[in-house]
Structure formats: structure tokens, C-alpha cells
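Accompanying notes for the structure given below.
Chain naming follows the written order as A, B, C, D, E, F and G, and within any one chain the residues start at number 1.
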Amino acid sequence: MIPAFDIILLVFLVVTSVIALRVRDLLAASMVFGIYSFLICLLWAEMTAVDVAFTEAAVGAGVSTVIMVATVYQTARRSKD
Amino acid sequence: MEFFEQLIIPKFNYWIYVILMMIGMRAMIAKNNLVKKLIGMAIFQTAIILFYVSIGVKEGANIPILDHHMMPGEIHGGDPVVVAEFANPLPHVLMLTAIVVGVATLGLALAMSQKIYRAYGTLEEDDILSQIKLEPND
Amino acid sequence: MYQVLVFFLLLLTWVIFSGLFDPFHLSLGVLSCLLVTWMSSGMLFADRAASVWSRGRQAFLLIGYASWLLWQIVLANVHILKLALSPSGLEEVRPRVVRFRTGLRSEFGKFVLAQSITLTPGTVTIKIIGDEFVIHAISRLAADGLDGAMEARIAAIFEPELGDHLAVVAEGGHS
Amino acid sequence: MFEITISIISGALICGGLVFFLGAAVGLVRFPDFYTRMHSAGKGDTLSTIMILLGIALYQFHDLFREAHSLEEFFEHFKIELLVAIKVTAISVLIMLTSPTSTHALMEAGYDDGMEPFTCEDEDADENQNGKESAGQ
Amino acid sequence: MKGLALFAVAFTGALLLYATGDFPDWGSLDSPANGGELSTHYIKEVRKETEVPNIVTAVLADYRGFDTMFETVVVFVAGIAIIAVLRDFGNGSRGYPPALANNLPEEPDLIVTQTCNLVIPVLQIFALYVLAHGHHSPGGGFQGGVMLGASYILIALANGVEAAMKILSERKILLMAATGILIYSGTGLVCLLLGENFLDYHVLSRILPTDPIMARSHAMLFVETGVAFTVTAVMFSIYANLATRGTLKGGL
Amino acid sequence: MGEQAPIVIVLAPLFGALLIAFVGIRFKALCLPVTLGALSLSLAATVETFRTVLARGEFVYLLGGWKRLQEGDGISIGIEYRVDTISGLVLLVIAAVSLLVAIYSRTRVVADTPDRVPYYYMLYLLLVAGLAGMTITNDAFNLYVLLEISSLTSYALIAVGSRRAVLSAFNYVIMGTIGASFYLLGIGYLYIKTGVLNMQDIHAVIIANDLAESPSIRVASVLILMGVWIKMAFFPLHAWLPNAYSYSPTTTGALMAPLVTKVMIYIMIRMMVTVFGLDYSFRATPGMPLHWSNLVVTLSSIAIVAGSVMALSRRDLKKMLTYIIIAEVGYMVGGAWLANEKGMTGAVYHIVSDAFMTLCLFLAVGVIIARTGQSRIEGMNGLFKKMPLTMAAFTIGALSMIGLPPTCGFFSKWYLVGAGIEAGQWHYVGALLFSSLMNAVIFFRIFEMAYFPKEVNEAEPACFDPDAHPLETLEKTPSSMAIPLWISAVTLIVLGVFNYTIVQWIASALQSLNFFPAAG
Amino acid sequence: METITSPIPLFACLASLLAVIPIVAFGKNPNLRESFTFSAGFAKLTLVLLMLPWVLDGKIVEFTFVDEIVKGVPLQFRVDGLGMLFTLVASTLWILTSLYAIGYMRGAHEGSQTRFFAFFAVSLSATLGVAFAANLLTMYLFYEMLSLATFPLVTHHQDREARTGGRTYLTYLLSTSIGFVLPAMIYCYWKSGGNMDFSTGGFLAEKVGPTESLVLLLLFVFGFAKSGVMPFHSWLPNAMVAPTPVSALLHAVAVVKVGVFCIIRVFTGVFGTDFLKTMDVAVVISWIAGFTVIVSSLIALTQDNLKRRLAFSTIGQLSYIVLGVSLLSTFGVTGSILHIAMHACGKITLFFCAGAIYVAAHKKYISELVGIGRVMPVTMSAFFIGSLSVIGLPVTGGLISKFYLVMGTMQAGHMGLLAVFLVSSILNAAYFLPIVYKAFLCRPEESQFEPGIKEAPLACVVPLCITSIMSVLLFFFPGILLDLASLITGVGN
């Protein structure tokens, strides 16, 4: 059986991932991706994978998002899809 | 209902991971914008990590760190370790590596997309392709 | 001297984080603190020359100020809560941009002022241009609250030499 | 008794934090433009987080008086719990430091980008337009 | 393309879901992975064999230490690769297309700078704490390294990339990244030179004043430090290059 | 050194890369010597390992000294290396090819990427380390890590080229990540059912618990195969390869084209043989409407034909070679899946011979580009007169590709066709022959172009991407380019003449696998 | 049978291959270069003659390079009667051709002579390799080597025509050898259980059924397209763009004879005639060959270009050999083997003559040759003898081989094929004799030649005289050839 908290997080994950891919503003997409990473980090903390959660927090929600934003700043912000 | 109880509920994690993975994979293949593709790629990779971490979960288990009183500093001693109390550490180890690989790939791909932007002035795949068609090449 | 101070501050932080007091981990802590001191001790305080005594005084006063600020934060939140939740709250929202000049000279002082303005009810620092603060206030009342009292408190901590000679020039209106 | 008291206090703190969160969230929806919304988000966020954290820090001590075989063990518990509480408090200090900074950075970015604040003098001028602006930067 | 993608995705998804029914239930204690000999061994014997409470760290740095060495190499490769691909050594005279970053203000912002000045030392000490306490709490070389790298990224964000590059120049980055791997693989090499297999840390007790099992524990800390070195340097290098299009000037 | 030789194979390039990071950045002239030294050491260690393997069979090296549980009979708790003759052969190929290409790169890297020479060589060495590690390791997850190392380095090595190269490298990143992730996922599916990661152990658990029919294992095999196929550019999944290899710098193409796809094929064989077991791979499963291996062989026949036809339609030498590689991949995949020993032997032998064939051709094309400044077929007019030795080596490579004796290409085709006949897969035999003919047409078209002097009126305006190749051309072929080219060409003949020795080595490794009797 | 292990076959084969090095090295000095060609030629002939007594004694000379190049199959040379005969012819004629080539190449001022002589030597080595090959794989190896080595010779002029000719040449030879021979060979290897040796008198005997046999036979006969069996013949006329010495040696002796030699090997060594007799499949090959004989002769009639006419004639004559061996009768096989030698001598004479005419008078077409006998009497006399031999009229060697072939047909009892022989002989006469007639017997005023035109250079004329004389001599002294042939057929004469 899976705790309800898990299920909520998982549903949120799907929602954020879809949003991140549908938003046409790449900066917003990167930000939503950051949220996605953070959610998944929570999920892992909840699943007792603390080391993974820690890494994901530092890497996924931190560095990945920052370098993605940096790229968006150095290229174009608008996307056609 | 039977189906729901036996296949969906106890394996909800696996279902979601498949869905996330498919979302990411579709973005990787079908999205036009290179950064979007990379976001898809990151989602794709985290989905796999989700799968692995789900493998290692144990009902009612704790984080895979032994308590201090189990580690009295000496080698043999302290309380016996109950395996069921600790989550499976192996998937966690594997996924640390996978996360690192993910960010390395992402960084490299972002660098490439910047270089592509430098060369073509756009990140839209179809625009780039139409520019390439004008070039004299095979 | 300055670096020794930084080192001990960092060591304190380390001990709080670590919670392990065996020699092995403590030596690791000392090593790490030395390393961080070497790497980025220049960041923590702007004035390297200040005496330990004056720093102690500042720290003491800052704690007092922080508790006052905490109260201000509570007020600010109650304010927001009131605006947001009461049916007529929106009518009170009369946002405006306020500019004023500060007499504070040290960067840290300006920084504390700006943060305090942001944390207090109804006002947020948008920008600091030299001595000029650009503030966004959510209502006339909030804008009027920027009367220099806070600035005086901060000046008392960091720049006591300024005394009462603070010349607060508040300018109304929007940009 | 001690345990219940601690639980009630920390529960109250956490609930209070949540109430402020609610206020911030409602404000985020109701307020007219980017700047006022940032007021709501920035401030509500700060206090509610601090309150929740303090609640948690306090809750660390709820089983301080559990059965301890010796005084030494009691202090051992106390030490661990105190350290956690201090860490949590340290986080709230960090929040106090960084939250206004981020509020400020966002507002400055909007300001530099030429986003017109909604002001009371020409209240009805371009409310809709400002309302549409996203808080992206 | 879209249709093809949809087909591929649907096909893969169906395939994966087909197997899902075969999996042991989520969280089950006696699934092959959880109740199997391998993970049981790790949990049961870890303290006997390595004296490290954090099982993840023990598996990461010792049982599967070779994996982790190459994980570090992956990071190193990413750093090198991004420099090789993106770095503009000053002769790229091609006109850059416009980008968002061009209309950013030049001046660093006072509030942000001050906040960062306050946060960075704490962040760094926390990063080192995470590194040093990888044996006892979540964390380790990689997480600590990322946080340390993040502290430099923070400097770059607040004061500009050039300011951060003054502290950690490109040359230093490379040296640091390589040193990290050298620490890791060098530890293994020392084991090899002492007559045992690569990364067989227990033999280090011959040169360290500890017994073989504590030698494992200490060697793990040592290699984690190596990981942290590399990760710190590379994380910052990635940001510095990506934020400036490889020019290492200006930036966000 | 003997006992530690396997680790030196992987460590030598790694330390070489570190040494470059330490000294090479400042003293650029040291990069190449360091690279050569590291690769030579790696080669020496490989030879040593291989000799040990020949002398006493499988060679197991325990990393971290973690022995198997229960007095060596239980599962492996650490990571281990395992070298048999097949992996030893592949390791030899990797070491030799990378050393040759490194010699060859002396002038090319400076010309192609003048300001990033040290970075280039670091990536080069790490790619070699990754490939060697993939070949040697016996741990399914360790393989993934090394796979990613080789992928990342190869992305970068491609992307340092022209602007088209960056774009194709990006596509490669996308495809490569999908492939590697599929592999990872497949390992996860195996792990969830078996709980172990060592390849031998996985197999043992599958056998012991009779898991072969379970959906997870089946899906795992599909996933791993798909992943590996993407990485090796098996036909419907090949789209990334031609651009990536043809727009990349000369040295990159010459290193990657012979090695990367071949190593992936080795991995596929390894998975089929070691992890899933031959019974699983080759026997019809009850639920499947189609015989599994039949399907793959059919696919590879299609791959062979399609690759050949696409190669024929290209006018650019490098592009053409890349499509030939796609066809060759079909050879090997098909051979491995023919479900008989001959086919497996042929596939492994073809890994060796195809690596050298591709190497020879890519090196020759590299020389041609360096000398003429372009790689289109039209630009090859009169080359036999201008550079007879290069063209002679090119000819040997081409003949091997076509499959004429006594080059090794003939003998690999010999085994593969023989296996195809034995298995009764006539379409595969037909595809092989068709592709040989196509190769003949392709290469003789080039020979004709190069042999006959330029005719008037036929001269087209030279059209090529100025980014792609340096405009200034070399007056004469430097010996650093000529010597590796000739060594590779001579190797083709040596491999051909002594093919039976190699085949016996392969057979000694396959013997333990109990191939079931031939279906003929 | 006694077996002698000796490296002499290897040396014989290598003699010309090694000569390539000095030929290339001394390319600047034509006389020195040619002297190497000659010494290699004589060395080769000497080595071959050294082995002749052994072979005639019924011994077999073997040499193995690689013990097992694929499982059970060595890379091996073995000299038996058939190989000896072919080698003897080829190496003798090489010397003559070299002499002729010197005269021709210098007389016609051809370029790139070094390359020419170098590849000429390589081709010879490959030919010897085929002749000595002890098993199918070794034979295939040298067969392919020959195809490639002759390509630069065929396209020697490097002009548009040469390009077309060369393209056709390689397309036919490579596609057939890869497409037909290779799979057939591998199938044989698999079926025979890893044995490919010729010496056992048919390693495939009793291992395949009739249908398989027929398919394999067809694959082999068409696959060895050098034999020019229709419909894979058209490379041969196209290859006539080559300089005449090439056409002479390669397309009268080496290349085409290698083709039929391989087919003979397939019949005798792979299947074994005895085994094939048990099945009624070889007759299909006979009819295909017969068809080729007739059709090619008819086409030859229509050709005006002398070399093309010779080429089509060659196609017909080659099919005689195929036909002969496919009859499976002892006489037929003997005839086939003899015809290799007889036709070689006759046809090379004709080619030499055609080349001499081109060098002396720059004429290519038959219609231009009216009265040439008056200005070049020696050449045209030799031409006459050569035609007699090819037609199969006394007093030339061609008569003997043809006699055996006809006997073989009767022995096999295929009366229809007898008709083929008769008709084709008439056609042969019809396309050769008019040339001779017009050359000598036209009225003086019809002659198109000024008296100024003389015979070709001595280096051209001497070889063609020698070969024509050889054709005659073979009629009187065929003994040695018959001895060699009987070693294969097992029938004493």
C-alpha cells in the first residue's frame, strides 16, 4: 500500500512535468522544472532515500535549474511549442 | 475493480514512473525546441530514478543509516541489525550515480544548445533544419 | 585577529551542525573551518579593523533589533492577512512607489535597512541607487510608516557616530 | 503533561503558520498587480515558514522526559534534541535573511524590466494589463 | 515525426506497463531486491566490514567504490567536455545573436551581494560538514561538493562571474577537478602498490595507524574528499561557462 | 604486473587524462606524448592480460578485494572484472585502434581544434578508458556508468567540430540518452526480479528461480536490446550516426567509428550470452508469436540492405562510410542472433575485422581530406597518381569491406554466410551478398574516380562546408598519418591470413556455453 | 600417389610477384626494367620445368602456407597434371608476351609502362596461384586477385572508353564471383563438413542431391564468369579496349583460361565426374555451353573490329572447353584440357597479329585489311596458322583437341551437341578465313596499303612466329600434354 502523501506527490509530479513541457516561456518552464525536481526530492525523502533526496535537492532543484536558466538567458526565451 | 486493487494501487509508483517516462520521452523526440527536449530528457531520467528508488522501499523501514547505539565505536557489539528496519541501500547508491550522470548530460547538452544558438541564432529545430537546407552540403 | 574571529564563528556553526564531539570529527571541523576561513573570510564583515568589543556590542544590539524586527514581521503578516482575507481589504490597497534618501553610509547598514523595510508591514525595497531607496508601499498608511525611526535604530547599532544628525528626506509620489 | 504542553504549543505555532500561509495565498490571488502580490508572497512566506520551523524545533523536546536509565542518558537525549532544535532555528534565521532578499530581487527585476506598478492615482488605467503579467522574472 | 514519437512512446509505455504486473508490490519486504542476499548482506555486515553507519556511503565508497570513481570521472568529463565544446578562447569573432542576458544591469545589487556574503561562509561550512559527516548522516562527497560548488555559483550570481573567477580561476578549476580524481584513484593505486587489488582499502592499515576496518572507513572519507574536489570545481565550471557562453566574462 | 594487468588497462588512460590536466594545459606539446604513453601502457597491459587468459582461461579481478560470498561460490558483493578470450580480443582491438589513431592525430588535432588540444586529448583518453571498462567489467551497473563516460566523451568529441557537428552531437545526445536510459531501465527490471547486479549472478538467479518466462525478464531483455541497438545504430534506430561521424573532426571519426559501435555489439553479445543465457536468447518463447531470433535476423537483413543502399546514394566519402557502418552493424547483429556457434564466432570475428576495416578507411579518408581539403567523391580525381600509397591502403580497406580474400573482411563474411546457411536464414545470406556487391559498386566508383584523370567539362564547382574541413591542405602526407594507415591496412591482411587462430580463441570462449546442436 | 612437399610452387608463383619490386623501382630505366621482367619469366619457367618430371612421374608437389585458414581448410598449393599443363602454357607464353609487349608498347608509344609491367607480373602470379590451388578457397583467393590485378591493365589508356570497359569488366567479374561463387562455395564447405580439397576426386560427392547439384553447378559456371559463358560474357569484348598484349595474354590465355580452368576443377575436384554421372544434371551445362558456342560464333561474324571478332571467337572456344568437361566422358575432359593449351597457342597468335597490324599500320577494322598480306606477309602467315588452329584444321594443335572433344561427345551420346561442334566449326571458318583471303588474295588495286608500310618491329614479329610454330608443333608432339591430361582423367594414351 502506498501512503496518500506519496500519491499526492506523484500526481503533482505528473502535473508539473506536463506544465514544464507545455509552457511556452522557457524561463517559466525551467522554473517549473525546478519545482518538479523539488517535488521529486520530497518524494524520495518520503521514500526513505535520504541520500538521493539530498543529492536531488542539490543537483536537480539547484544546479540543474540554475544552468538551465543560464542557458535560457544566453539564448532565446520564447519557444514555439 | 479487482484489476484496480491488484495492479494499480499496490504499484501506483510504477504506473506514475511509466507515465513520467513517457511524457519525457515524447518531449525528447517530438518537441521542437531544444531546451524543451532537454527538460524532457531530465524528466525522463528522473522517472527512471523514481523507478529504482521505488524498488528499494520497504514498508515501515527507516532510512538506511544505522543508529549510533548500533555503532558503539567497537567492531563487534551493539544491538543486532534487523534487516527489515532499513531501506534497501543499493538502489540509492545506484541512483546517486544516475543523478550525477543526468546532470552531466544536461550540462553538456545545454552547452551544445548554446553553441547551436551561436551558430544558427535559434533553438527551434525546424528553423535550424530549414537553414541547413540552404547550405551547400550533402 | 579578524580571521581568528571568523574562524571561531565558523567553528561554532560547525559544532551546531555536527553534534559529534569526538576528536576525529572535531579535528575535521577545525580543518574545515580553517579552509573556509582561508577561502572566504573576506566576505563576512566589511570592516576588518573593528575591535572585538565593538563587534560584541553590535551583535548584542543586533539581537535586540532582531527581536523587534520579529514583532514587525508578525505585524506585517497580520496586515497582509487583513488585506487579503477581509472583504473590504482590497479597498485599502493603494499601492505607490516612494523614494527617500538615507543617511546611512555603510553598505551593511543599508542592507539591514532594506531588509527591515521589506520585512515590516506594507513596504518592500525595490531598489537601492546610491543613497536613494526606492520603496513600494501597499498603502498610504504603510508609506507614512517610513518615518526614519527604523533608520535611527539601525544607525544606533552600526553607525553610532551619526547620532541624531540623520537627515531623512522622504519623497512621496511615484516614479 | 510536559509532552502535551509542548505538543499543543508547537501545534499552535504550526497551525498559525499555516493560517498565515493561507493569507499569503489568498493575497496572491486577490491583489491587483505584480508588486502587491509580491508583498503577499514575500511576507506571508517568511513568517509562516519561521513559525512552522519554530514549532518543529519545539516539538523536538516533546519526549525529553521519556524513560531514561541514567542522567547521562537523559543528557544524551537532550543534547541530540537541542542540536536539532538549534539547527531548525538556524534555518529560520536563514529564512529571515534570504526571503526578503528574494522578494527584493524579484521586484527589482520587474522594476528594471519596466513593469509599471499599479498605483492608486490612476487605479483603473491598466489594471487588466498588469493582472496578466506573469511573475516570471 | 510526431506520429512516430507517439508510436514509440505508446509502444514503450505498453511494454513497461505489461511488466508492471509482474513486479513485487511496492514496499514489500521480501521482494528479491529487498530481501535478497545482496542488500541483506550490505545492511547486516556493513558495520562489521567497514564501520560506517551510513550504509549508502559504505556501499557507495567501498563495495561499489569503483562505480563511484567513474561517477566522479563522469563529472570530470562533463567539465572538460563543456569547456571543450563551449569555451570561447577569444577568437570566436562570429557575431552573437541577441540574448536575454545582454540587457542585464552591470552593477551588482547591494542587497543580494550582502546576503550572499553572509550566506556563503555558512554554506561552505555546511558543505564541508556534509562532506565530513557522510559516514553518519545523509551526504557525502558528492552532495558536499555540489554545495561547495553552489557557493561559488552564488558568488558568481551576486558579484558576476569574473569576481568568482578571481577566486577560482579556470586553471584552478581544472587542477582541482583533476586532483579530486587523483585523490580517489590514487587511493586505489596506493592499495595496488601495497600489493592488494585496486581500491582494496583495508591494506592501507599498513601505512595508516589504524586497523584494517577503520582503514576502510578513513579511506572512504578520503575518497569522498576527492569526489568533493572534482564536483566543486566542475559544478562551478559548468555554471561559469554556461552563464557566459564560454567567454567567462560578464554573465548573469 | 601480471595479476594487476586488467585494472591497468582502464587506469592507464585515466591517469593519462589527469596528467594532461596537470601539465598538458600549460605545455601543449606534452599532450600527445602523454596520450601515446598512456595508450601504450594500456596496450601492454591488454596484451599481458590476454596472454594470461590464453594461458589459463577466464581471468577474474576483484575490485576492492570484495570476494564472493560463501567461499567464493555465492553472489558477488563488489564489482569484478572478468576477461575471457572474447572480451580480451575486443580489448586488444580497443587498445590497438586507439593507439594508432592517437599517432595519427598528431597533426590533425592541432589543425581541427587548435585552441583546445589538451581538452581533446583528455576526452580522447577518457573515451578509451570508458570503452575498455565497458568491455572488461562484469557488473551490469558498472557497465552503465562506463557507458555514460564513453557517451559523454563521444558527444563532446563530436561537438568540437563544425557547427553541423554540434547539431548532430545534440541529436546524438538525445538518442544516446534514450539508449543508455533504456539500458539502465533494463538493468532495473533485472534487479527487481533478481536482486543482484553481477552479470553471472543475474544469470544464475534467473536459472535458479526459473524466471526466464516472467514478463519482467522478457521486457528487460527487450529494453536492454533496444538501448544497445540505439547506441550501436542498428538500422531503424540509426538516424544519429551518419551526421555525427561525418561532421566530427577527423580524429574523432577515426576513433569512434571503429570502436563505439563494435563495443556496443560486444555488449549485446555479452548480454545475450552472459546475462540472459543462450537458451533464453535463442529459444522460442511460448507467448511470442514470432521466433525471437528470427525477428532480429530479419531486422538485421533489412539493416544490411538499407545501409548499403543509403551508402550508395551518398556522394560524400565520410557519409558513405557511415552508412556502410550501419550495414556492417547489421552483419554483426544478425550473426550473433543466428543461433549457432558459427554465427556467434563470425559476429565476434567481424567485430575485430570490422574495427580495423573501418579504421583503415577512416584514416585513409582523413588523409585524403587533409590533402585535398574535401571529402566528396568528385574531389578524388586522379588521386592514385597524386598519393599512390594512401590510395593503396584505401584499396586494401575497401577490398576488405567488399569481402575479397585474403583480407579479413572475406573471412568474416565467410563465417557469417556459412552460419546463415546453416541456420537456414536465406534472406540474411542474400542480404550479406547484396551488401558485398553494393560495397563493390560503391568502392569501385571511387576507384574509377581516383584512377582516371579528370575529364574536362566534368569539373563541378567544389562545394563543401568551409567549416567542416580546413581550407589549407597539406603538401605531403605526414608520416604520423601514413604509418598508422599502413599498419591498419597490413593488419587487415594479417587478420585475414591468421583468422583461424582468432576463431579458435573465440571458440575456446564459446565452448563453455554449450551451443545447442545446429539447426541444419 | 607420392607427395613431395616443396616450396617450388610458391617460388614459381612468387617469381613474378617479387619482380614487381624491381620493376617499380627501376621504372625510370626501361631496359633494366624489362630485363627484370624477363629474368622473372625465365626463373618462373625454370621452376615450372623443374617440377614437370615429378608431375609426369605421377607425383604431386605440395606446399602449405597456412595450416588452417578456416577450419579444416589450409591455404595450400598442390601441383597436379591439370595445374601443371596450365602453368606450363601460361609461363611459356608470358615470356613471349613480354617480348611482344616490349615491342608493342614502345612501338605504339604507350604511357605508364612501368605500371603496365608491374600489374602484368602480378596477374601472372595470380594465374599461377589459381593453377596450383589445392582447394576451392585458395583458388577463389587467387581468382579474385586476378580480377583486381588485371583492372589497371584493361583500363590502361585511362580514357572514356577504357572507363566503360573497365567498369563492365569489374562489374561482371566481381558481381558473379561474390554473388554466385561465394555462397556456392560456403554451401559446399558446409555440406561437405569442412573439406574443400580437390585431390579426393570430388569432396562433395555423395553429399548433395540432384537439385542442389544443379543449382551449385549453375552458380559455379556462371560465377566463374571469366569463362565467358553466356549470358555473362559481355565483359570480354568490352575488355578489348586494353592494349593488345593484355588482350593477348590475359584474354586469350590467363584470365579466360582461369575461368574455364576453375570450371574444370569444379567438375573434377568438387563434384567429381563419376558422381555427376550418376545424376543427369550436367547436360544442362552442356546445352548452355553449346548455345554460347553457336551464338558467339554468329555474333563474331558480324563484328568488323578485329579484336572484337577475336573476342567473340574466344567466347565460343571457351565454351567448347566447358562443353567438353560437362560431357563427363574421359575423352571430353581430355579434350577440354588439351583445348586450353591448343586454343591458347592459336588465339595468342591471332592477337599478336592483330596487335602487330595495329602497331605497323594503325588499322583496327577488318574491312580495312584488304591486301595487308602483301605488306606484312610474315604476320599474316602466322595469322593464317593461328586461324587454322582455332578452327581445328590440320596441321595444327587445334585439330587434336577438337578431335577429342568430338570423341567425347560421341562417347557421351549427345548427338545434338555433335551438331553444335560441326556448325560452329563451319562458322569459325566463316569468320576467320575471309580475313586471310582478303589479306592475301585480293587484287593489287584493291589493296589499301601503300608499300611504305612494313612489318611490325622485330620484338612483335618474333613472338608471333614462335607461337604459330608452336601451334603446328603441338599437332605433331602433343604427347606431353596428353600425359598431363591423363593424370586427371586417369586414362593412358
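Here is the rule we use: a residue touches a chain if its C-beta (ideal position, glycine included) is under 8 Å from a C-beta of that chain, and two chains touch if they have at least 3 such contacts.
Values in this document were obtained by computation on a predicted structure and should not be read as measured data.
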| item | value |
| --- | --- |
| Mutual neighbours - chains that touch subunit A and subunit D alike | E |
| Distance-maximising chain from subunit B - centres being C-alpha averages | G |
| Label of the chain whose CA centroid is most distant from the centroid of subunit F | C |
| Pair of chains joined by more contacts [C-beta pairs], C-E or C-D | C-D |
| Chain centre separation in whole Å, for subunit C relative to subunit B (CA means) | 40 |
| Between subunit G and subunit F, distance of the C-alpha-averaged centres to the nearest whole Å | 44 |
| Centre distance in Å when subunit A and subunit F are each reduced to the mean of their C-alpha atoms | 37 |
| Euclidean distance of C-alpha centroids - subunit B vs subunit E, Å | 16 |
| Residue list for subunit E, restricted to those that touch at least two other chains | 16, 21, 23, 26-27, 31, 33-35, 38-39, 42, 54, 56, 64, 67, 71, 74, 77-78, 81-82, 85, 99, 109, 111, 115, 118, 122, 136, 138, 142, 238, 242, 245 |
| Junction residues of subunit F, two or more chains touched | 141, 145, 148, 152, 155-156, 159, 166, 169, 185, 191-192, 197 |
| Per-residue multi-chain contacts in subunit D, two or more chains | 97, 101, 104, 108, 112 |
| Sites on subunit F touched by subunit G in the complex | 399, 402-406, 411, 413-415, 417-418, 421-422, 429, 433, 436-437, 440-441, 444, 448, 451-453, 455, 497-500, 503, 520 |
| Of all residues in subunit E, those that touch subunit B in their complex | 1-2, 4-6, 8-10, 12-13, 16-17, 20-21, 23, 25-29, 31, 33-35, 38-40, 42-44, 46-48, 51, 53-56, 59-60, 64, 67-68, 71, 74-75, 77-78, 81-82, 85-86, 92, 94, 96-97, 99, 136-138, 142, 213, 238, 241-242, 245-246 |
| Residue ranges of subunit B in contact with subunit E within the complex | 7, 10-15, 18-19, 21-22, 25-26, 29-30, 54-59, 61, 63-68, 70-71, 75-76, 78, 81, 83-84, 86, 88-94, 96-97, 100-101, 103-105, 107-108, 110-112, 114-115, 117-119, 121-122 |
| Residue numbers on subunit F that touch subunit B, as the complex places them | 141, 144-145, 148, 151-152, 155-156, 159, 163-164, 166-167, 169-170, 173-174, 177-178, 181, 184-185, 188, 191-192, 197, 314-316, 319, 376, 463-465 |
| Contacting residues of subunit A [partner subunit E, same complex] | 1-2, 50-51, 53-55, 58-59, 62-63, 66-67, 69-77 |
